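Below is a structure I'd like to ask you about.
A, B, C, D, E, F, G, H, I and J are the chain letters, set down in written order, and residue numbers restart from 1 in every chain.
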Amino acid sequence: MPDASLLEAFPTPTDTPFVVEHVAEEFTSLCPKTGHPDFGAVTVRFEPRGPKDGGTCVELKSLKIYLQSFRTEGIFYEAVTNRIRDDLAALMKPAWLVVRTDWRGRGGIRSVIRAASGAVPERYSL
Amino acid sequence: MPDASLLEAFPTPTDTPFVVEHVAEEFTSLCPKTGHPDFGAVTVRFEPRGPKDGGTCVELKSLKIYLQSFRTEGIFYEAVTNRIRDDLAALMKPAWLVVRTDWRGRGGIRSVIRAASGAVPERYSL
Amino acid sequence: MPDASLLEAFPTPTDTPFVVEHVAEEFTSLCPKTGHPDFGAVTVRFEPRGPKDGGTCVELKSLKIYLQSFRTEGIFYEAVTNRIRDDLAALMKPAWLVVRTDWRGRGGIRSVIRAASGAVPERYSL
Amino acid sequence: MPDASLLEAFPTPTDTPFVVEHVAEEFTSLCPKTGHPDFGAVTVRFEPRGPKDGGTCVELKSLKIYLQSFRTEGIFYEAVTNRIRDDLAALMKPAWLVVRTDWRGRGGIRSVIRAASGAVPERYSL
Amino acid sequence: MPDASLLEAFPTPTDTPFVVEHVAEEFTSLCPKTGHPDFGAVTVRFEPRGPKDGGTCVELKSLKIYLQSFRTEGIFYEAVTNRIRDDLAALMKPAWLVVRTDWRGRGGIRSVIRAASGAVPERYSL
Amino acid sequence: MPDASLLEAFPTPTDTPFVVEHVAEEFTSLCPKTGHPDFGAVTVRFEPRGPKDGGTCVELKSLKIYLQSFRTEGIFYEAVTNRIRDDLAALMKPAWLVVRTDWRGRGGIRSVIRAASGAVPERYSL
Amino acid sequence: MPDASLLEAFPTPTDTPFVVEHVAEEFTSLCPKTGHPDFGAVTVRFEPRGPKDGGTCVELKSLKIYLQSFRTEGIFYEAVTNRIRDDLAALMKPAWLVVRTDWRGRGGIRSVIRAASGAVPERYSL
Amino acid sequence: MPDASLLEAFPTPTDTPFVVEHVAEEFTSLCPKTGHPDFGAVTVRFEPRGPKDGGTCVELKSLKIYLQSFRTEGIFYEAVTNRIRDDLAALMKPAWLVVRTDWRGRGGIRSVIRAASGAVPERYSL
Amino acid sequence: MPDASLLEAFPTPTDTPFVVEHVAEEFTSLCPKTGHPDFGAVTVRFEPRGPKDGGTCVELKSLKIYLQSFRTEGIFYEAVTNRIRDDLAALMKPAWLVVRTDWRGRGGIRSVIRAASGAVPERYSL
Amino acid sequence: MPDASLLEAFPTPTDTPFVVEHVAEEFTSLCPKTGHPDFGAVTVRFEPRGPKDGGTCVELKSLKIYLQSFRTEGIFYEAVTNRIRDDLAALMKPAWLVVRTDWRGRGGIRSVIRAASGAVPERYSL
């Protein structure tokens, strides 16, 4: 079951702005209608707030464990994407954050879902 | 025969804006002049309205069945693209929607048609 | 309905051996169980017999029309492949012939079927 | 000899704006200096005017025949590109149109020429 | 838990030899040491015996369900590969069969395991 | 008109065996049925006889001019391939020679023709 | 140990603005938690100030030696990126500078970090 | 020795604006420090002024000879790029011009240099 | 320092022959002449002996640690390859084993070294 | 001028057979007819004799300098290839050696030349 409490964060190491991106190409959850597995890739890109503003960054291993917690969950593409966006935004309160999920095809159709929090600069759009 | 009544929608799950994209790489219809089959890929990208505004998203399996309904139809590239745009825009009334069709070559020329509904942000242009 | 009578042949133009290959990447038939369309590519490779032996080569446009005749047929991957092999072998009686079909994925599994007639040299194996 | 009278057009099927693109990868003309053949690809992208404004779209087969009419013409890269732009703009009077030609190398240098008519939106630039 | 009883077979449709290949790119099991998920692709290639010899072919949907049954199993790469080889060989008793698994990297090392049953011709080696 | 007299050869520079390959990706001829242009690539691979045996190699520029002489010829794929094989074999009398032509698609089918003279070693097969 | 004193610079050769980019695909450091090596690519892009403003460019060989000085350092992705940005900005005081690090996957997740100094024009964003 | 007098130009054939691009992938010069050869690709993109303004375009063969004149020159990456930009800008006085050089790696680092003359539109940035 | 004692093995799980392949794309050692780092990929492929013959397979994590032990070693390409071959052959005494190292370029030349133990079947050659 | 005296060799480090391959992608010489530069890649693959037989391997840096000595030489493709084969075979007296040169196109035709010394095993053929 997706579990946001698995996520950990560490203080942003510098006040100079920078952009972080993590790509997990081995994501899997279950289709809530058929129970069959869905496979996809999850990309997360964000600009953390600086330490002066109490900014934090998600810890990489905890992100991996968190993403694995969807493995036995029956959940739609849109819900996966919005859920990850919400959990990470709540954890880090970043300057902005964008999540993109790329799903392998089902019945000859493959899908991509994008969800953002805050104002993502044009150049960092996913 | 293309049949918009095959399309089904479900309520958008959240009011936070997000973007949905479906790519069907196994589309086929018939050339209305020669009767020979045309093959192409259909990409649909849109931002649904939120549930507060009665927003909906097209259901993936119904989209597949709808696209299959072009299989025996003699119809031009432009008409396919505009028809899909119109049917999906009427179904979902999205914030914006863009349809792109990529057609395999005929006589050494391959074609791409793009049609939009509403103001597609630069970053989501197809 | 697959119709071998659509196939036409012309006399092999020379007695010096050569090898012909045709690749049709826009093949479609129907799944006999679900009625949903299957999409794939059909590759045919053969060495025609020479004119002294009454050898012939399949005519390209008739091959295209013949392959289109599977469009409304409910038929398994294996049957498509064996059928094409049998029809072309009967038409041309080539020195050897090999047919390979590459099917786009269904349920996350894509398939390839190979069927031959006569002794295909190692170097021309598909 | 390039012959604009080979081009035919049909009325734009809808007043809703859309964008058409044709890519001919099998273009050939002759170098006016050496007489040797030049090979390249021609891409045409445009937004037709709607039927209310008398808008038309180039017919695909006539475009193919028109492009074949350069086969025996000694003509420079720039002239090919500007000529196609002028002939298609005169035929269709589109909202905007852009032509791009990609030429295979000569003496280790390959070239690309772009020519436009009207204001091509940034997102549709070639 | 991997369950060979999920596999179903149908009689080989013809006595003329042919070769079948199925590629499942969405395979996942668990590492028996760490419990972390492993992701990979499974390729199965075989020549079925003909109907005169009681030959059968694995049914595609049952293969998919069978491969999904490894999802919650802690099992090594080698064991996955040998298990699939054994289960399919027992089911079909094919002329020959070869299984290849391609595993995404762990700690910077990616692995490939190949296991065969019977004499795989050189040209069909995976 | 294809003209073998355009071909020139120079004496093989050494008696130590070696293998020469020329790939012309800008080949064009005409379809003898429709008059429309065909486009393809021509690959020639051969082992020249040594100078002690009067061996020669085709001169590169003359090969280019010779291939250009097909530009206005209505000729089938098979005839192009056999003609080039015959003309080059007659010119050079090589230890062995193989010609492969790869044709861009017509009606959704692309073709490859191979023709050889002498015993082409397995490792040099095209 | 990362050592900025290894970096050398030479005066910018011209006052006309230009943009320099260096890509080091063979970067390695150590994970400060596990001690295991991390591998990645480092891209640096900048516009040097002109000689009238005392502008300098980093010398290529010294950049290589500087990047090698991370080889035995336990340091996080973010710190590597910010450190390189700070050291190069201090060395050259460029009009603008952007650093991007692309890290090979760990536990199925690969990461990208971007850090900038000054106002990077949209067209030169990494 | 790089020699701008090798460059020739011809009058721009039309006053309608268009964009020209030449890519020379076989460029080589010498490293002024070590004397070892450097290899790279040179891309030149520009919008010529029209004939009414006395605009000209660089002649392709003269560009090739000019680029060959760097073959025996010991010269830095930055100087090559600025020199080509200056020589071509002086020759043609174009509306704008941009030069990009892509250098193969040295010591594990590959470099890209960009230099412009005039205001290059965002869409034509290299 | 390369240390074969880091390698661990486990008993081959079955007497049915199978083939194992591990690819480590993040290998680095030092050039013994210049001290500069070398980067490459190491591929190991082998057929273990069965448990009846006391056969074993190298354990994956120990292989990773063993390969990391070259990180601070000044050692030539050939020596790396032969050393890995010898250490793994001594550990496992496999039916056959082949090691291939692919080295990134130095001075514009990239290298590949292959070393084998026992008779590697043609189809498993690296 | 190509100068075999630039080549240096070191004793083969082991009597166990292994195979060495060097690929130089930055080779250039001059066309003896036109004086224009030719660009290509040179691949050398060989099995050195062991130290018991006085076997040696070419030293990598000396190979680089030797290949650079063709930079100002007017020489045909075949002569380059045979010359390198002869010089390296004379230097090392390997069990077998094969040289392959891949030349960038001239007049739309690109060429490949292969020359061997000794009996190159099928699996190591270039």
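The criterion applied here is as follows: a contact is a pair of C-beta atoms (placed from the backbone, for glycine too) under 8 Å apart; a residue touches a chain by one contact, two chains touch by 3 or more.
Here the structure is a predicted model, which is why all the values come from computation and not from measurement.
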* Which chain is most remote from subunit C in terms of Cα centres? -> G
* **Repeat of interface A-E, chosen from A-C, I-J or D-F - more than half of residue-number contact pairs shared** => D-F
* Asked: So subunit I and subunit J: same face meeting same face, with over half the numbers shared, or different?
  -> different
* Just how far, in Å, is the C-alpha centre of subunit H from the one of subunit A? -> 44
* Distance from the CA centroid of subunit B to that of subunit E, rounded to the nearest Å? -> 37
* By residue number and range, which residues of subunit C touch two or more other chains? -> 25-26, 36, 39, 104-105, 107-108, 122
* Check the chains against each other and report every pair that touches. => A-B, A-C, A-E, A-G, B-C, B-D, B-F, C-E, C-F, D-F, D-H, D-J, E-G, E-I, F-J, G-H, G-I, H-I, H-J, I-J
* In their complex, what parts of subunit E are in touch with subunit I? -> 76, 78-79, 81-82, 85-86, 105-117, 122, 125
* For subunit G, which residues count as touching subunit H in their complex? -> 13-14, 16-26, 57, 60-61, 63-64, 122-123
* To do: Within their complex, state which residues of subunit E touch subunit G.
  => 36, 39, 104-105, 107-108
* Hey, which residues of subunit F end up touching subunit D in the complex? -> 25-26, 28, 36-37, 39, 68, 71, 104
